[in-house]
Amino acid sequence: MRILVVNPNSTTSMTVRIAAAARSVAAPGTEILAVNPPSGPASIEGYYDEALAVPGLLAEIERHEGTIAGTVIACFDDVGLDAARSLATAPVIGICEAAMQTASLLGGRFSVVTTLARSVPALERLAQRYGMAGRSTIRAAGVPVLALEDPASGAVDRVRAEIRRAMEQDGAESIVLGCAGMADLARSLGEEMGLPVVDGVTAAVKLAEGLAALGLRTSKAGGYAAPLPKAR
Amino acid sequence: MRILVVNPNSTTSMTVRIAAAARSVAAPGTEILAVNPPSGPASIEGYYDEALAVPGLLAEIERHEGTIAGTVIACFDDVGLDAARSLATAPVIGICEAAMQTASLLGGRFSVVTTLARSVPALERLAQRYGMAGRSTIRAAGVPVLALEDPASGAVDRVRAEIRRAMEQDGAESIVLGCAGMADLARSLGEEMGLPVVDGVTAAVKLAEGLAALGLRTSKAGGYAAPLPKAR
Amino acid sequence: MRILVVNPNSTTSMTVRIAAAARSVAAPGTEILAVNPPSGPASIEGYYDEALAVPGLLAEIERHEGTIAGTVIACFDDVGLDAARSLATAPVIGICEAAMQTASLLGGRFSVVTTLARSVPALERLAQRYGMAGRSTIRAAGVPVLALEDPASGAVDRVRAEIRRAMEQDGAESIVLGCAGMADLARSLGEEMGLPVVDGVTAAVKLAEGLAALGLRTSKAGGYAAPLPKAR
Amino acid sequence: MRILVVNPNSTTSMTVRIAAAARSVAAPGTEILAVNPPSGPASIEGYYDEALAVPGLLAEIERHEGTIAGTVIACFDDVGLDAARSLATAPVIGICEAAMQTASLLGGRFSVVTTLARSVPALERLAQRYGMAGRSTIRAAGVPVLALEDPASGAVDRVRAEIRRAMEQDGAESIVLGCAGMADLARSLGEEMGLPVVDGVTAAVKLAEGLAALGLRTSKAGGYAAPLPKAR
Amino acid sequence: MRILVVNPNSTTSMTVRIAAAARSVAAPGTEILAVNPPSGPASIEGYYDEALAVPGLLAEIERHEGTIAGTVIACFDDVGLDAARSLATAPVIGICEAAMQTASLLGGRFSVVTTLARSVPALERLAQRYGMAGRSTIRAAGVPVLALEDPASGAVDRVRAEIRRAMEQDGAESIVLGCAGMADLARSLGEEMGLPVVDGVTAAVKLAEGLAALGLRTSKAGGYAAPLPKAR
Amino acid sequence: MRILVVNPNSTTSMTVRIAAAARSVAAPGTEILAVNPPSGPASIEGYYDEALAVPGLLAEIERHEGTIAGTVIACFDDVGLDAARSLATAPVIGICEAAMQTASLLGGRFSVVTTLARSVPALERLAQRYGMAGRSTIRAAGVPVLALEDPASGAVDRVRAEIRRAMEQDGAESIVLGCAGMADLARSLGEEMGLPVVDGVTAAVKLAEGLAALGLRTSKAGGYAAPLPKAR
């Protein structure tokens, strides 16, 4: 079984870390194919970056169509998720959706700790869409995405501090890490903090494997119908 | 005052009709600049078309930045609305948002009559986002977008029939036409049906003029902060 | 085009200020006819004042029926809005509805700064009705309505301080001024605070002009059907 | 204990029937004082009638202030409920609120059968306000209010037929009668239909008695603070 | 009229206090029969205790079937409420539902003060179910249930302090006491605090009396249909 | 890895079929331990059966505590889910929650086809709890649970017919089978109907495996805190 993990930004070092996180939880028979578009925004920090990342993301999905059992979109804004589901025949999982679903299986309220404040409104809207608005709080640690690539940036300390605030102020029973670039932090932060810390990349890999094992694919009976043939 | 009206699909004949509708309601001092991207999907029928239309839409907005008082995105899916608001300094109005707001000023429940069934889920999600889910029903007339360009297609009759069903079955107090390609039908259908029929293009032009007169611009204090400088 | 602006309280000095604000944004061809009932509560501060103000408000609307293109109800509680829509043939706009709609076009979350704490529950209910509860916070500056008529009262400073709290604590991307008596403050406070500050009177005038230009009137197909003839 | 039951319309024959229904369930020690304003709309059928009925209603409440243990507003639109709560020191119960609460204790989904279609939007909004929108359906029997005063009008048959439709189509587990003029029908229709049929007048009397026994009064700590002294 | 009040935990001293509170508000003709299961959890503090208390609760209801006019479940988690409604022919009232309904008649926002933090999620879910989530806040005083049986425990002081926080921070217009063991505190705390303090046991007794007087019983037309005969 | 699958009713033949379905999707290294309580209701059809099944369910979970990687509760009412999460240290998955989450990854709207009409209200409440109420419809096929054990009962035909109605009337993009006794029908019905048909037992097994692989356990920081020591 091959799972395509697309990092929709063009920062290859982040793709490498995402791939490692994905492989750390993949089942023995699962091959993780981690890619990123050759060009496009270096990081996704707000709606404009999101929009520009989508065509490259869709091209990656199209390129691997027919050879994969499922796709994970490894950006916490779930960029291009609907378009990808229309395009692909295999299931597509967004890491925000995956992480929120997973957190909801482990406790009641959860808090998301994302990077920059400008991303909070987009994630609040996703929480609304996924039926999680009533049980979640979205917080920003004030960390640019690419600071997560730099161990000297102090980014992890700021994430840790924000998790503490979530525990004290939000009634959070679990924490969701709100950026694919935090994928490798979940396990250690969870042990340190003493409550479940969920990362979306790893959660999505398990959901994709699960759907494949169940023989389930995206429904084409509604909004995810295959694109109509036309001039584009 | 110059209002930019962007038809995000690449069908110029539709842009011409949209422009005419926009001009029919514009105030004396308002110049309507109607454009479409030179390439991209010929019509927007589902999430995949939406995603591919956005970069061309944003390029048009960027090209006219600084010379306009406001922008109307003339696709009922409100494609690229958030990215456009981040990018532009002048206000940006989506025609779905404009039409739903306008309908909500005229009565209680309203029904949207859009083109194809595959677009219904996207519009239901917009109704949710705009706080209108509890008072609206989304319906499809089974009309491809470009059939609206062809008087011989019978498209208008199918729209008319769907409006009748909305009046009989939904308790609709007003009707929203769910495609920019229907912009020129609103007034005549309203007179024929005896209840308000709202088109988003014309509604959005008036909202854009209004915001300009009020001296109001998109807030940059949250999710619509200007894009950060970075490799794209 | 003539727009009727009804201040439903009986304080003529407030009507004068409301009229000036309305005229400051009206289109060249728009005549603003600003009135208030000859008697009734001097200010509207709570549900009881609301109820007593409505008959006078309706009498003003009835008196001008047939001569106007639209009516603005210039009290932020949107008092009598439904009854006025039933009674009038031209559109009727409430300033709370107008301001919330306008704010929602400019950003995500917004905060309303109103006068007295006793008005907060009524405005929270309006936010719910208009589909804005999930994105808005209602705050009171602790300012009696008529203090806004008195430059020496310090009322504006208290409004300014409450706006600052909204920016710091609510994640507000824009501010809505929650009283018709604040109509003349929006532009200067917006410039001072660096984010959009929306006033309902001016916003409603532009919406009323827009509906008139679109040829749209209140639907009589549901709850706003004309009153039945009967002894009253 | 004296309970004031105000029929806010001016049709005395309806007040007589409402009083009889109220007395039929009142506890031994409860005196029912049923009144209506001397003038005002003969029936309340829509928002305009509602608005005009409120001042007379408030005058009745004011006239009996200090002599009663609670007030029931006997119009299913719960007209003037908030103003009455501000004005009165004893509790005030609306019959829509009372009936919906009572129905929610007896089953899951319920349907309201009211008089005219024009009243449906107002009742849907009340269901929203009372937290009952997700479990209720509002239906109109097409019966003018005063037809309920006339045994030869066939009104009861139309109510009966609408209850049957609610049972077949809505999944209704109980029925709420949506007009004070139906107060005397609840018990017989319940027996005939084999499911709970709730009337608001009688339900509200029991709630008012209950609050009095509990020693509870309207909170003056928020929106129901006593009206401020001012020119009215 | 006989009302069965079941304390679903096995602490008889609490049953005695609950019975006294119930009798203090019961109508002259009402007999309060207060019972608890002979075994089961000594107090209900979380979901596990809830689950284990239900069979004993149902056995008490079954034992008195046919001899009572209504049942009150005197645990603020409303444990076993749905099963009890299926089983019994007379109405069944949960004290959380009763208290929240009662508070909603007295003001807008209310806060619940319960015992331990672990019970907050369950009560938030009940608020959601009863349509009260948008107007309520759930708080814990950090008091074990059985500390309420011990005057020397300081429990009442902690409840008092939490009520003060609710008044200062939540905009609470009334307070709901979130444990049957607080039933005897409502009246004195209400007088002390100057706003309505609602206890569910007493509120539920009045609702049960009311339903009996109205001749209303649980609907068997849906989810509360009588259990099917089968091996159990 | 050992996954405990508890059928909370006492019908062993159903446990056998549930076990087979679970094993058909389990990963190579996963052992499925399928059990049912030795006594308790033979099937779960309504709230009363639910309540009586829980103690036996909890006893099974307690008996295997410490030896398993996760538990699946194989009743579509998700009976005892909260209590089980409090009790167990390993994750616990309800099959309704699992199926609804899975369906939400495959399309927009989905319909649940359950057994008897009396179970619909309970499932509607679960849909509300899981954030799925806005995108789901609950339907009953009119099939007693144990009819699913009998190939001659015609039960499968009735399920098939109800799926067809869901496709025609609800806009369902996928189907959820609303009873553990339907676990073996999902794959064949999906192929026959041409849209995803999701069964909760198999979906829950994959979620339980996934959580185990991610090293995630139920949060004990809130409502699922371990039961307090006390007399029970």
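Here are a few things to note about the model shown:
Each chain gets a letter, A, B, C, D, E and F, in the order it is written, and its residues are counted from 1.
The rule is simple: a residue touches a chain if its C-beta (ideal position, glycine included) is under 8 Å from a C-beta of that chain, and two chains touch if they have at least 3 such contacts.
As the structure is a prediction and not an experimental result, all values here were calculated from the model.
Across the two interfaces under comparison, A-C and C-D, the one joined by more C-beta contacts turns out to be C-D. On a Cα centroid basis, the chain most remote from chain B in this structure is E. The mean-CA centres of chain B and chain C are about 27 angstrom from one another, to the nearest whole unit. Between the CA-based centres of chain B and chain D the separation comes to 43 Å, rounded to the whole angstrom. One finds 51 Å separating the Cα centroids of chain C and chain F.
Residue positions 108-109, 120-121, 128, 133-134, 171, 173, 222-224 of chain E each touch two or more of the other chains.
Taken as a graph of touching chains, this assembly fits none of the simple shapes: it is neither a line, a ring, a star nor a complete graph. Contacting chain pairs in the structure are A-B, A-C, A-E, A-F, B-C, B-D, B-F, C-D, C-E, D-E, D-F, E-F. Those residues of chain D that touch chain F in the complex are listed here as 108-109, 134, 171, 173. Those residues of chain C that touch chain E in the shared complex are 120-121, 124, 128, 133.
Those residues of chain E that touch chain F in the shared complex are 10, 39-43, 45-52, 54-55, 58, 80, 82-83, 85-87, 117-122, 125, 128-129, 144, 222-225, 227-228, 230-232. Contact residues on chain E toward chain D in their complex (touch as defined above): 25, 27-29, 91, 93, 97, 101-102, 104-109, 130-135, 167, 171-174, 187, 190, 194-196, 198, 202-203, 206-207, 209-211, 213-224.
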